[in-house]
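In the two complexes that follow, chain A is the common piece, with chain B as its partner first and chain C second.
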Partner chain A sequence: MATIELAALEKTYPGGVRAVDGLSLTIGDGEFFALLGPSGCGKTTLLRTIAGLEEATGGSLSIGEREVTRLAPGQRDVAMVFQDYALFPHMTVLDNIAYPLRIKRVARAARHEKARQTGDGLELAELMARRPAELSGGQQQRVALARAVVAHPSAFLFDEPLSNLDARLRLSARTFLKRLQRELGVTTIFVTHDQAEALAMADRIAVMEAGRIRQVGTPREVFGRPANTFVANFIGSTPMNLLPATVTDHRLLLAAGSLPAPSGLGARREVTVGIRPEYLDFSATAVPDALSGTVGIVEHLGTSSLVTLETDGGPIGVVVPEEAEPAAGSTGWAVPRPGRVLLYDNETGDLLPT
Partner chain B sequence: MAGLGTGRAVLFVVPALALIAAFLVFPALWTLYLGVLKYDLAGSNAAAPQFVGLGNYTDALTDPRFANSVLLTLAFVGLSAVLGQNGLGFLLAATLRRAVGWVRMLVNGLVLLSWILPGTVVVFLWQALLDRNGGTLNALLDTPGAAWTLDHPLATIVVFNIWRGTAFSMLLYSAALDAVPTSHLETARLYGSGPLRTFRDVVLPRIRGHILTNTLLITLWTFNDFTPYMLTGGGPEHRSETLPVYVYRMSIEGGQLGFGSAISLIMLVINLVIALFYLRLLRRRGG
Partner chain C sequence: MSEPQRVDPGNRAVRRILGDAVVRHALSRIGLYVFAGVMLVFFALPLLWLVLTPFSRTPAYQITAPSFTLHNFRVLLDNPFALRSIGNSLILAGGTAVLAVVFAGTAAYALSRVRLPGRDALLYAILLLSSIVTGTAAMVPIFLMLFQLNMIDNRLALVLVLTGGLLPSAMFILKDFMDSVPKSYEESARVFGASPLQILRHVVAPVVRPGLATIAVWAIVQVWGNFLLPYILLHDQNKQPAAVIMYTFYDEGGTPNFALISTFSLLYSVPVVVAYLIVNRRYGFRFQGGIKG
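Let's look at the complex of A and B:
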């Protein structure tokens, strides 16, 4: 158990790609921390640099008060679970789980005992004598976890450990993984490009773009108040509405209507208004302080539907409960919930304080 | 039976079987037949070969020159193929993986070149290298007049065969090592395993099949390799006379075709035994 501290950490690959661009970040003891970002933003590279599999080209890194920037991977006391699980095909499940102990020269009986205990905790008791090829994807994932757990490291590093599972199994594996982490209390960094996964599991999330962190925060903060339009676009299962607007005295003028403006913005200013579809209420009758348009496509999300209002300023998504679903072609109004309208600077894309 | 049906399936296989019969089975049987004759290239035994039963075999097995040849072949195969080509091939494959692009290309190219050049060309080059007067090696080592092929005939053909055949092992092991996922090596490294341990625990079990297959192939090839003859002619005093060379000298140079056939057959049996031995090891894999 340990805090992990990155100070201006940098990784430039020999070809010149700067995959990690001066990151500073502190991950608390026992925290479940998610690294989230689009493909190629440097999540895997950052994780591998923390593990020591890639050598940092700048900055420093410490794990639990210990400066480890120049230490070999084997001396950093971290366990990593790879996307392909990296189970050894010629060893049984038992031997796979016991492998870290074997390297530490724990006697055979003792390490098998320990591996059995760990395996029991991960519902692997029946599978100990099998080879990895004889396991399902979910079982393989649990064996890989057990092998990481048995090593008793100061930190877990997971690189998309759920991405090889089918959608259903993924959900149960999420719960399982979160519970395991809670019980063990080991500091965990978890890489994913699935924002729903990060929101569901993490204590805190770092959203990355091109080797830099765009926002760090709790799932609630990152979802509710994205710090910039990049994060706003990336987070959420339905994309956030980002609409151009002009600020006049106390009003926000949009093509689809006008909304009350928060105070302290100054007059005649161009901004981008961000509202999540989940934070808009639908009305079939005209109401003040709303955006209006014609109901276009209606997508079913299960207990709710995503209604697209075609407006003069482009489409606006609104999530409506299934019983309130409007007919296509009718006119509708979208009313933002109080405090849910976010304003972004047009130039920098950053959230304006309101 | 699914698919073709027996009739058509047989039709497809027949041409191949006919070719095998004509070029493999028939010569083998013919050799078997010759082996029981006293059949010479010239003289009365050429016109009317005499049936001698197992005579040729008992002659061979009691001939000290045959025993010498078997021992030489074993040494030649063991040193140049099993140890030399195998070991060097693996070492090259393992180290070149970490080398920079152009070094890898260069070494790969050179090693492959020694493999694909025609035997006669290669032997000519080696004669220029080893020549007693004005050979390149003597110039390099500053040992004028050293007669390598005469003083160290076995060492000469061993080194020659390692040089000549390492490319195959190198290529095979490169492919085998490529098949070991990086994440497996890295997992071992993360848990604190050193390179040797990782090799033993992670790499070796995975490439065991490749090692056995490679060793089988190069053993058989080296066992039956005739190129040493072109370098040393089997001499001096039979000191580099491996079995194929022995057969050639007995039957073609010495004219004793029947005797040569008998030894060929013994070689065939030895080959079979070697192959069966490796195949058994292979089948036990993972067990």
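Let's look at the complex of A and C:
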């Protein structure tokens, strides 16, 4: 168990590519922490730098009370689960799980005993004599987890742990992984490009872009109050509506209508209004303080539908409960729920305090 | 009404063409089988000779139905050099195989993992030059070098020269195997604290074992059949391998001693076949990397 502390951590590749750009971050003891971002944002490089597989070119990193910036991977007391699980194909499941103990020179009988116990806890008891190639994707993932657990590290590092599973299995693996992490209480950092996965599993999320962290927060904070338009765009299964607006006396003028303006905007004239489709209510009749447009595409999401309103200022997405879908071509109004309208600075893209 | 009346001239032409095609197909088939038969006999005869003649009372060039005897083997056992030369061949082939696997394996691993500028060019250059190192053109320099080092009649020196000749191709083949080992295997072991040597022993070597086995057998076969190098570098008949000793089984007039040659040939071919069979059964022969589950 340990806190992980990054101080101005930097990783620059010889070609000059700055994959990790001076990150400072503290991950609490026992926390389930997600590194989230699009491909190429440096999240995997950051994880590998924490593991020691990449050498940091600046800053410092400590795990627990120890400064480990210059230590070899094997001395950092972390266990990593790789995207392809990296199970050794020539070893049985038992030998795979026991491998970290073999490196620590635990006697054969003792390490097999320990590996069996760990495997039992992960429902692998029947599979101990098999080779990895004879296992399903979900079983392979559990073997990789068992191998990490048996090492008894002070932190787990997971690199896209669910991306090699099919969609249905991914959901159950998500629950499983979260429960396992909670039971073990080991500080865990996992990398994902899937925002739904991060929202579902993590205690806190760091959203990354181009080697920098754009926002750190709980899933609720990151979803409900994205700190900038990048995070707003990236988080959420339906993209957030980002609409240009002009500020006049106490009103926000948009192409599709006008909304009441919050106080404290100062002399600002141009802003970007951000509202999640989930936080808009649809109305088929005219209402005040709403945005209006023509109903275009209706996409079924299961228990709800995403309705696209075509307005003068571009499309606006609204989530409508099932069986309340409007007919295409009719006129509709989108009413923001109170407190859900976010304003972003046009130049920096940052959230304005309201 | 009835079918045949409706056959028009065009249809009949089609039938004739079809008939021709069938005949032509049959003829080509017959030709193919005759050709295959002749080829089979051509290649089977020497093998038949190899198996039958050692047990013949009157061993000669022709193949005769054996009037079974083991007398020829008695002649072989009486020859002072025959069995010892097989032992020498085993020492030379085994030593070369071990050295080639160890050196080529470690070199290929390094070449596969370390990014060197011009690495591929280096590899191809070594491969091209390798035919020169132990080729006929290099015999005189190699002989002179070992002579001045006072290493003529030294089996270790011969093993090193043979290994040197095999290394480039072996490295080339093994690098492909090494490239196919996912980096995550090694990284995973590294995070658990394994040292580079442990990673090589526990993870990389077992995964590329088919490649290592292929190289070992290939090295054995190469050394087993090599005549020129041991002939030049080993002068003591007690140290010469089978391929060289076989040439002493002729009398001064050049007449072969069939009793000796036939039995010796049989004995000479057994180890290579056995080595091949063992490796083929356990790993399957492959010259390309890849993970088999």
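Operating definition for what follows: the second predicted complex is superposed on the first by the 352 of 354 C-alpha atoms of A that agree within 3 Å, B and C clash if a C-alpha of one lies under 4 Å from a C-alpha of the other, contacts with A are read in each partner's own complex, and residues count from 1 in each chain.
Operating definition for what follows: contacts are C-beta pairs under 8 Å (C-beta built on N, C-alpha and C of every residue); 3 or more make two chains touch, one makes a residue touch a chain.
Computed from a predicted structure; not experimentally measured.
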After the chain A overlay, clash or fit between chain B and chain C?
clash
After the superposition on A, what does A:D84 contact: first (chain B), second (chain C), both or neither?
both
If you stack the two complexes on chain A, which partner ends up touching A:L253: first (chain B), second (chain C), both, or neither?
neither
Of the partners chain B and chain C, which touch A:A151 in the superposed model: first, second, both, neither?
both
Does the superposition put A:E134 against chain B (first), chain C (second), both, or neither?
second
Quick one: is A:A8 in contact with chain B, with chain C, with both, or with neither? Answer first, second, both or neither.
neither
Have a look and say if chain B or chain C is in touch with more residues of chain A.
C
Which residues form the common part of the chain A surface touched by chain B and by chain C?
51-53, 72-76, 78-80, 82-84, 86, 88-90, 99-100, 102-104, 151
Where on chain B does chain A make contact in their complex?
181, 183-184, 186-194, 197, 201-202, 205-206, 286
Within the complex, which stretch of chain A touches chain B?
51-53, 72-76, 78-80, 82-84, 86, 88-90, 99-100, 102-104, 151
Residues of chain C touching chain A in their complex?
182, 184-185, 187-195, 198, 202-203, 206-207, 209, 291, 293
Chain C-touching residues of chain A, taken from the complex the two chains share
51-53, 72-76, 78-80, 82-84, 86, 88-91, 99-100, 102-104, 131-134, 151, 157
